Amino acid sequence: MIIVLKAEVTKKQVDHVVTKIKELKLKPVVSKGIERTIIGVIGDEAEVRLQPLEAFPGVEKVMDIQKPYKMVSRESRHQGSTFDLGKDVVIGGKKVVIMAGPCTVESQERIMKLARLMKKSGATVLRGGAFKPRTSPYDFQGLGEIGLKYLAAAKKATGLLIVTEMMDVRDLPLFERYADIIQIGARNMQNYNLLKEVGLSRKPILLKRGMANSIKEFLMAAEYIYSQGNHRVILCERGIRTFETTTRFTLDIGAVPVLKSETHLPVVIDPSHPAGKRAFVPALARAAVAAGADGLIVETHDKPEEAVCDGPQALLPEIFDELMKDLRNIARAIGRDI
Amino acid sequence: MIIVLKAEVTKKQVDHVVTKIKELKLKPVVSKGIERTIIGVIGDEAEVRLQPLEAFPGVEKVMDIQKPYKMVSRESRHQGSTFDLGKDVVIGGKKVVIMAGPCTVESQERIMKLARLMKKSGATVLRGGAFKPRTSPYDFQGLGEIGLKYLAAAKKATGLLIVTEMMDVRDLPLFERYADIIQIGARNMQNYNLLKEVGLSRKPILLKRGMANSIKEFLMAAEYIYSQGNHRVILCERGIRTFETTTRFTLDIGAVPVLKSETHLPVVIDPSHPAGKRAFVPALARAAVAAGADGLIVETHDKPEEAVCDGPQALLPEIFDELMKDLRNIARAIGRDI
Amino acid sequence: MIIVLKAEVTKKQVDHVVTKIKELKLKPVVSKGIERTIIGVIGDEAEVRLQPLEAFPGVEKVMDIQKPYKMVSRESRHQGSTFDLGKDVVIGGKKVVIMAGPCTVESQERIMKLARLMKKSGATVLRGGAFKPRTSPYDFQGLGEIGLKYLAAAKKATGLLIVTEMMDVRDLPLFERYADIIQIGARNMQNYNLLKEVGLSRKPILLKRGMANSIKEFLMAAEYIYSQGNHRVILCERGIRTFETTTRFTLDIGAVPVLKSETHLPVVIDPSHPAGKRAFVPALARAAVAAGADGLIVETHDKPEEAVCDGPQALLPEIFDELMKDLRNIARAIGRDI
Amino acid sequence: MIIVLKAEVTKKQVDHVVTKIKELKLKPVVSKGIERTIIGVIGDEAEVRLQPLEAFPGVEKVMDIQKPYKMVSRESRHQGSTFDLGKDVVIGGKKVVIMAGPCTVESQERIMKLARLMKKSGATVLRGGAFKPRTSPYDFQGLGEIGLKYLAAAKKATGLLIVTEMMDVRDLPLFERYADIIQIGARNMQNYNLLKEVGLSRKPILLKRGMANSIKEFLMAAEYIYSQGNHRVILCERGIRTFETTTRFTLDIGAVPVLKSETHLPVVIDPSHPAGKRAFVPALARAAVAAGADGLIVETHDKPEEAVCDGPQALLPEIFDELMKDLRNIARAIGRDI
C-alpha cells in the first residue's frame, strides 16, 4: 500500500500515520519527493485495508498494491481451475461448455421439447428459470418449485445438467435437490447474504456479473462464495450498463482476457442479455468463443411469440443449431473444441 | 403502445399482430406512413406489455406510451405524499428532514454520543448500520442485533427516530422491533424478494437507488413495495456509477426534479456516498436542499480515523453543525425550513 | 413521428399542434387512448424534426419513427458497400482488411522496418500518426509533414496503403498528397467542420467512433461526410467509455452486428485502444473477426519501450504475426478470409 | 511516480527499469514488499511520464503521484483566480455571474428583445450561438458572421457582454472582433488545435467539459489553453453522459467542489443542457449556486415553439426572472450575491 500525503502535510501528521502503521505490525517507509511525501507500507495489506487511512489528517489518497481478492486470484493459483459439473461435463478445460434453454420454464411439455433440441445441437447444460427476478411486480414471477420439477424431468429424459437461478436465501434446500449448477443473477451479485448461503452449498455456482459492477467487485463477490468453502465458482459476464441503447446491455468482451489474467476461475459469456434482440446474439456468441470463453449460456425458445419472458432475444432452435456449427469451427480454429 | 413495423413487413405479418391485439381485447389502429407502418394499441397497456410483441415477425420495435409504474406515479396522485415517520417527524411537507449518524454502529458509547450531537444540530432521525453490505468478505460485517439494541438505546435517550438497513428477508421481525424506518440499500434495490417482504411491513421504507438503475427501474422497485400495501416509501438518490472517479459516485441531482414530476413519493438525498470524501459532502448537501429534496441522510463520525467503515466520507460533528446552518438558510431561501 | 400529449392536455393545445403539422404539409392522425392522446404524423419526418414540438404546450414527448440518417442507412441501400481503397485492397467484401503499424511515426528507419514486418505478416494497410491528438500539451505532438513523408516512403518500399489521422481543417491538401485513407479520430468525431472538409475529399475516410457517442450519433457523423459527396466512409469502433477501468475503454463488440443491420458501410475494429495493454489485444482482435468485422486496425511496435506513444498496448511484430494466423483461421471458420 | 512490478519479476528486469530511471536523471527507490516489489521515482514526473514504462518487461502498472496539470492546478496557485470579463463583470469573486440567452441567434429583433429581458432580470452576459455544432447535417447550422453582428448590436444596446461558441480554427479573427468571451463547446473539448488557437487569443475562454471527459482530461484541456499564455479560462460543467435518459445528460454537480479543490480557475454550470426539458432547469440552477458555482449559463427563449434549436429546454423570460429571485436568495444564504 502507498499512502500519498498532501503537499502541505506537517511532520506531526506524518508521524501520526507512521505510528498507526507500526501499531499494525507493518513497516512504513517514508519517502520525500519534490512535490509529495509518500509512505510505503510493507507487509500484508489485508489488515491495513480495514483502517480508514484516508480519514487521517494530511493524507491525500491511499493506493493499493496488493489485490483485495486472494483465493480466487490467479496469483494464488497459476493454473486455471478445471472442474466437473456432473456427468463428465468439465468446465475450464479444452471443451467449451454450452448451456442453452428458455428464459423461464413455462410448461413440462415445452421444456422437454427444448431440452431435446438443445441436446441434439450439442449443448450439455439446460438453462431455465423457475424463480424469476422481474423489474415489474406485475410480470410473471416464475413457476417456483413446479418449474424445478419440470427441469428435473427434462434432465432425466435427456441427460442434460440443469442450471437455474436462486434468489432467496430460504430456498437453498430446494436448489440442492433439483439443480446441478446454482445461478446467482446479476441483480443479486452484491446480495452478500445470498452469496454466503451458496458458499455453504456443494453445488457449482454460476455467478453473473452485476450490470454496473467492476471486475474487482465481481471477483470480490466470487471470493465471498469461495472463502466459504465452495470452490466451484463459474464467472459469467452478461453485459454491463452503459450509455448505448441499441443493445440491451454492452457486452464487455474485454472481461474475458482480463478475468483470465486476474483469476483462475472459468469464464462464461451470456450473449443473449446484452444483445436484447435475437439478430445480434450469434455475433456475440461467436466473439465470445473466439475471445477465449470457457462456456456460453444462451437463451432459446421454439415459439418466441409465446415466451413469457425475453422472447425477443431467444434464438429459434434451428438458428441455434446453425450457430453451434460456427462456434465449433471457431473453437477449433483456436485449438479448442465444443 | 405503438408497434413500429419493419420497412419490409408483409400484410400477413401485420394481420398476425392485429389478431393478437384483438385477442387481448384491445383496439389496434393501423396507420401507414411513407417509410413505416405503425400499429397503435388503444386500451390498458398492462396486459399487452406482458406479450413479447418484439418477437413477432415483422415487428421492429415497441414503444410504450403509458408508464409501467401505476400506484407510485404522479398521475395516480397529483399531490405529493406527506407522511409521518413517528414522533411528529413528517416527510414530504415544508420541513426538510435531516437523518444523520455513523456508517455503522460501533459501540453503545459512540452511538449515544453521536446521537446527542446530531440531535443538538437539528437532525430528527439517527442513521447507523447494524448489518452491513461489504464488498469484501474480510471487512467488518456489522454488530447485528446488538447494534440494533444500541440504536434503540440511543433513540430512548434522545428521541431521535432510527433508520437502519435490512439485508436479509429472514430479519424482518428484528427490524419491526427496533427500527422506525427500514432502509433497503442500493445493492439490494432489485432484490425483489426483499422488496416484497418489506412491502408487508408497516414501517416506512427508505429505498436507495441502485448505482446503475434508471429512474424507471427505481420507481418499479418502489411499486413492488407499494403494491404490497406499504405506502410509506421514501426514495433516496445516493449517486450513480459513471466513468468519473474523482468522486466515489456521481450524484444525480437531476433525479430530484425528475422524481418530483414522475412520482408523489418523497425524495431524499444521500450526499455522503457520492462524495466519498468529506471535503465534498457539504456542497452536495447544499445542492440537494436547493434542488428541492425532502430530506438528507448524512454520514457523521466523531473520530473518523477510528471508523470501521466509510471514515473518509464522514463529517465531523462540528462541521455537520456548521453545514446545518447553511442548509437552514438555503431551505428558507426557497420557502422551506429545517 | 408520434407526439405523445400530456394526460391533462386541453383541446386547444391539441388543435395548436395539429395546425402546426398541417402547416408543414404533413398529415396528423389524432388517436385518443385511455390514458393519453397521441398524434401520429404521416409524411417525411425530416421537416418536422426541425420543429421544437416538445416545446409546445401539452406535449409530453416526441418519438421518432424514421431514422435520422438517410444516405448511410441500410434501408437506403440493402447491399453492403464494398469499395476499393487502392492497389486492389477492397473493404466490405470477403476479405478482412488488416491495418497495422505504430501509434505514431517516429523515424524513417523505424517506420520502414515496421512496414516490412507488417507486410510480411499479411497486413495491407500501414497505420501511423504524423499529427497526434494528445491529452497533455506537454506530450509529443507528432512529426507533422515529415511524418507523412516517411509514411509515403514506406508505402513506396512495401506497397502498403497508408492510413493516418487528420486533425486540422487546414491540412487537407497535405493529406490528399500523402494518405490513402484519412482517419478522423475519436476526439474529433463531432468536429463537424472537419467532417465537412473531408466530405469534400475523394480519399476514403476511416471515421472513429467517439468514446461517448451513441451508434446513432456515429451514423449521423458518417452522414455528414457522405452527404458532402464522399461515399467511401469506413466506420471504426475503438471502445467506449464506461465505469470499467481494467481495460482502457470497453470494446463495444455489439456495435458490429448493430452497425451491420443499420448501415451499408463497412465496419472496422480497433482492438488496441480498448485493450490498453498488449496482453488483452489478441483476444479482442479474434473476437472482432468472429463477430463479423470487415477489418482491424492494430497498433504494433518493434521496441515498445522506446515508443513515444501507446507503447504498452503495441504488439510486438512476432506476436502480431502469430495473431494473424489465428485471425486467418477464424475468418475461414466463418466463411471469410484474410 | 510508483512503478509496481509483477510478482514474477526478475532481477534483470528490475535493473533494466532502474537504469532507465537513472538515465532520466531521476532517483529510483526500490522497495521489496511481501507480494510485490515497487520502485518509487523521485524527481519531476513530467519527463518520466513521457516514457512508456508500462511497456517494460516485468512492469505491472505505473501510478502517478504528481498531477499532470501544472499551471491550472490549485497547488500552483492557492488562491482562486478572479478576473475581469469586461465592463466590470468579474468572475471568481463574491458575485455569481449569470449568462443567459437563446441557444442560437435567430434574428436581430429577437436577440435584441431577449437581451433586454435578460438584462432586466439581472444577467450580465448574453449567450447566443452564431456557429452551431449540430448532430445532423440537415439541421440549421447558424447564421455565421451575421449572427455575430446581431450579438454585437445587442451588446451595444444593453451593455451585456457576449459569449458565443467558436468551432473552426480559421474563425479566430472574427471572434476577436465580436465576442467578449469565446466558448469552446463540449464536442470540441479535445480538439487540441482549436484549444491551442484560442490559447493565443487574449479573450477569456469558456471551456465546456466534454460529455465523456474526466475531470483530469478537462483540466488538461484547460492547461492547453493556459500554457499558451491565455490565463482567463472559465471551466463549464454541462452534464456528462451516463445510462440515465430521463434527463438529456447527468449534471455532475460534484464537479463543483472537486474542481474548486483541484484548480484555481472559476467554475460555471450550464443547467440547461443536462436538463433537456425546461421543467427541470430551475432545480439544477438552484443546486449549482448552492454548490458554489461562480456562474451560470442558461438558455432562454421568448417563443420556444419557434426556436430553431433546443426549444424544449429554453426558459421563458418570465420563468427566468422568477428563478433569478431564488438564485439571489440562495447566493445570499451562503454568503455570496448575484
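Just a few scattered comments:
We call the chains A, B, C and D, going by the order they appear; numbering starts again at 1 in every chain.
FYI, a residue touches a chain if its C-beta (ideal position, glycine included) is under 8 Å from a C-beta of that chain, and two chains touch if they have at least 3 such contacts.
None of these values were measured; they are calculated from a predicted model.
Under the touch definition stated at the top, subunit A and subunit B share these contacting partners: C, D. With centres defined by CA atoms alone, the chain at the far end from subunit C is B.
Chain pairs A-D and C-D differ in how many C-beta pairs are in contact, and the one with more is C-D.
Separation between the centroids of subunit A and subunit D, computed from CA atoms only, is 39 Å. In terms of their C-alpha centroids, the spacing between subunit B and subunit D amounts to 31 Å. Taking the mean of the C-alpha atoms as each chain's centre, subunit C and subunit D sit 26 Å apart. In subunit A, 212, 241-243, 245 are the positions where the chain touches two or more neighbouring chains simultaneously.
Considering their complex, residues 212, 214-216, 240, 242-247, 250-258, 260-262, 274-275, 279-280, 282-284, 286-292, 326, 329-330, 332-334 of subunit B touch subunit D. Against subunit B, in their complex, subunit C makes its touches with residues 2, 4, 7, 29, 31-36, 38, 40, 42-44, 63, 65-66, 75, 241-243, 245. Note for the complex: subunit C touches subunit D at residues 20, 46, 49-50, 52, 54-56, 68, 133-140, 167-170, 187-188, 190-193, 196, 210-212, 217, 220, 223-224, 227-228, 241, 277-278, 304-312, 314.
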